[in-house]
Amino acid sequence: MEWDWEFTYSILPLLLQGLKITVLATILGAIVAASLGLVFALMRRSPNRLLSRTTGFFVEFIRGTPLLVQLYFIFYILPDIGLRLSPLTAGVVGMGLHYATYFSEVYRGGIEAVPRGQWEAAKATNLTIRQTWVNIILPQAIPPMIPAMANYLLAMFKETPLLSAITVMEMMSQARSIANSNYRYIEPMTLVGVFFLIVSIISVFGLRWLERRYGRQGR
Amino acid sequence: MGDWAGYLTLILAGTWVTIKLTVMGCAVALVVAFIAGLGRVSRHATLRWLSTGYIEFFRGTSIFVQLFWIYYVLPLIGVSMTPMQAGVMALGLNVGAYGAEVVRGAILAVPRDQYEACIATNLTRYQRMRHVILPQALPLMLPTFGNNAIELLKATSVVSLISLADMTFQAQVVRSQTGNTIVPFVTILILYFILSSLISFGMRYLERRASRGAEGVR
Amino acid sequence: MDAPIIRINDLSKSFGKLTVLNGLSFDVMKGEKLALIGPSGSGKTTILRILMTLENISGGRIEVCGEPLFHMHRNGQDVPADEAHLHKMRRHIGMVFQHFNLFPHKTVLQNITLAPTLTKGEKRIDAEKRARELLDMVGLADKADYMPVQLSGGQKQRVAIARALALSPEIMLFDEVTSALDPELVEEVLQVMQRLAVETDMTMLLVTHEMGFAREFADRVLFFDQGRIVEAGPPEQIFQAPQEERTRTFLRKIIASRHGM
């Protein structure tokens, strides 16, 4: 089968429309993941063992099971209990929840990487708990987390094609519907691959920059 | 109620497909990871470039796109595969690309001292890798390999979209036949979790064994 | 002690813009025990690392056992050595490192037998017999089946010496072999080296900060500063009647620091 350039041009607008949804889903999903991840991380640090253990198990469970199945679960089950979500909302919630478990590990690692001495120094200089977090711990914990978070942002971007399974019209859905209605797979599938590759390659350079900027800082 | 037994059998048949996909995918991934990982640290620029190209390509495009491409586009240029073969291929190549970076990282993490000791004892390049560097790099790879295997297990669910009757696919079948979502999906979530827990226990066991070798209580 | 076993001619070495060795020339006689001393950064360790081919050279020429180390003859011309040539030349040379560099995943015995079985095709049983003799010589006969982590620093370094000896090199390089050791463990390593110096006719090059040992051990001492030999001579001259001001300053500082001032 030959590559058809004319067909390629004709489907570009549809795919780019899909790309918009892809990017939107990624960004919204990342916001959910970053906020929920922090909640998970703090709950895991809770002195209440029941709370920290339960959270721990929940996080492990979500991490140990496929995002696709979780998406189906949210998409099909929530309506049963009366919660009607648009496919995109369900997708954002599903991706956000799944990646929140990864983000929570990043937070945990970042916070634990701040040396004990810093907590002790804060206590010795008579800072309150709040002051300690805001002025001492977080400013040291967050910069090293940034490259890891950017990495997961990229991972989420690459997972968005899964949303096509719950009828979100992102890039992959567009490609599949074009392919099915025209009986031509080669152009839409290849184009989707190329789009992903372009974004990934650009991101790799961005990630390297972030790593240089934030990765290893002398303490 | 009798029907539920039948549906459970269906899901367990799917579980078996998922396990097969995971095991074969991991086998392919492992082989590919070592080839590309060693290629990344090779002295030959061509090998380094080829490996880097493969790694960046498969890490840069999503597993989902790769699977569809392998299943729908490759036949158009004369390479036809069964859904199972396409699944194993996509999973193996995708996770292998991540694994290759793990192999490379672990090899580079072996201290320079060890390379120098190899030169001083006049080992050849092959002997250095085989007897000194890889045996020390292997334990460093295990934890991340464990995570990669779990990611691979989770990614197997994607093959349901090319109509391979894995666990996720069978849950969909049960859902459409019974109209019940909760039971089949909770069941497979639990089964996936059991499988991923098995992988992480297995890996932890291997890690303990490997580190015992290095720490050495004889 | 007739022909030079190592000839270094106009050797230079730089790392980027930093010149470490500049136009250095000296010979080492067969069987000679040579001590290289001098302040840190004077280039003495770099010389050992170059002789072990751990570093390439930037200029000049080195001959070991009558053959060029970093060059080889091909079609009547001198070309840079390839890996096969280096592999051949390394048979003449063994090295003991400051940080031991034992293989942590191998037992003491395996550390010693690995290279002889792989590079010289020795039978395992012969290699093990020889390894046990060497372990006996360094006083560690009972530690053959231990892993390196189970040993003290001094024991590790004695294993490292046995590992290097197992390949029967004609030239042994000792790079600050006691610098990473706790003070009470230094003596056991030095004793082994002293025995080697007395009992074998191996050529030995030693980089050290142990002036007392250098004096006892060496036939000749080279004092280095800034990549050049400032003064060379028998230990009595260097340590008792140094001719150069820089040598005197260096020795005064060393003695002062040893007395904890």
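Order of writing sets the labels: A, B and C. Residues in every chain begin at 1.
To be clear about the criterion, contacts are C-beta pairs under 8 Å (C-beta built on N, C-alpha and C of every residue); 3 or more make two chains touch, one makes a residue touch a chain.
Everything quoted here is computed from the prediction, not taken from an experiment.
Chain-to-chain contact here is organised linearly: an open path runs through the chains from one end to the other. Taking each chain's centre as the mean of its CA atoms, A is the chain most distant from chain C.
Chain centres defined as mean CA positions place B nearest to the mean of all protein CA atoms. Measuring from the averaged C-alpha position of chain B to that of chain C gives a distance of 46 Å.
Taking each chain's centre as the mean of its C-alpha atoms, chain A lies 55 Å from chain C. Remark: chain A and chain B have CA centroids separated by 21 Å (rounded to whole angstrom). By the touch criterion given at the top, residues 56-57, 59-66, 68-69, 72-73, 76-77, 150, 153-158, 160-161, 168, 171-172, 175, 181-182, 185, 188-189, 192-193, 196-197, 200 of chain B touch chain A in their complex. Interface residues of chain C, counted against chain B in their complex, comprise 52-54, 83, 87, 90-91, 93-95, 97, 99, 101-105, 107, 114-115, 118-119, 145-150, 163-164, 167. The touching residues of chain B, when paired with chain C in their complex, are 113-114, 116-117, 119-125, 127, 131-132, 135-136, 213-218. Interface residues of chain A, counted against chain B in their complex, comprise 1, 61, 63-70, 72-73, 76-77, 80, 158-162, 165, 172, 176, 179, 185-186, 189-190, 192-193, 196-197, 200-201, 204.
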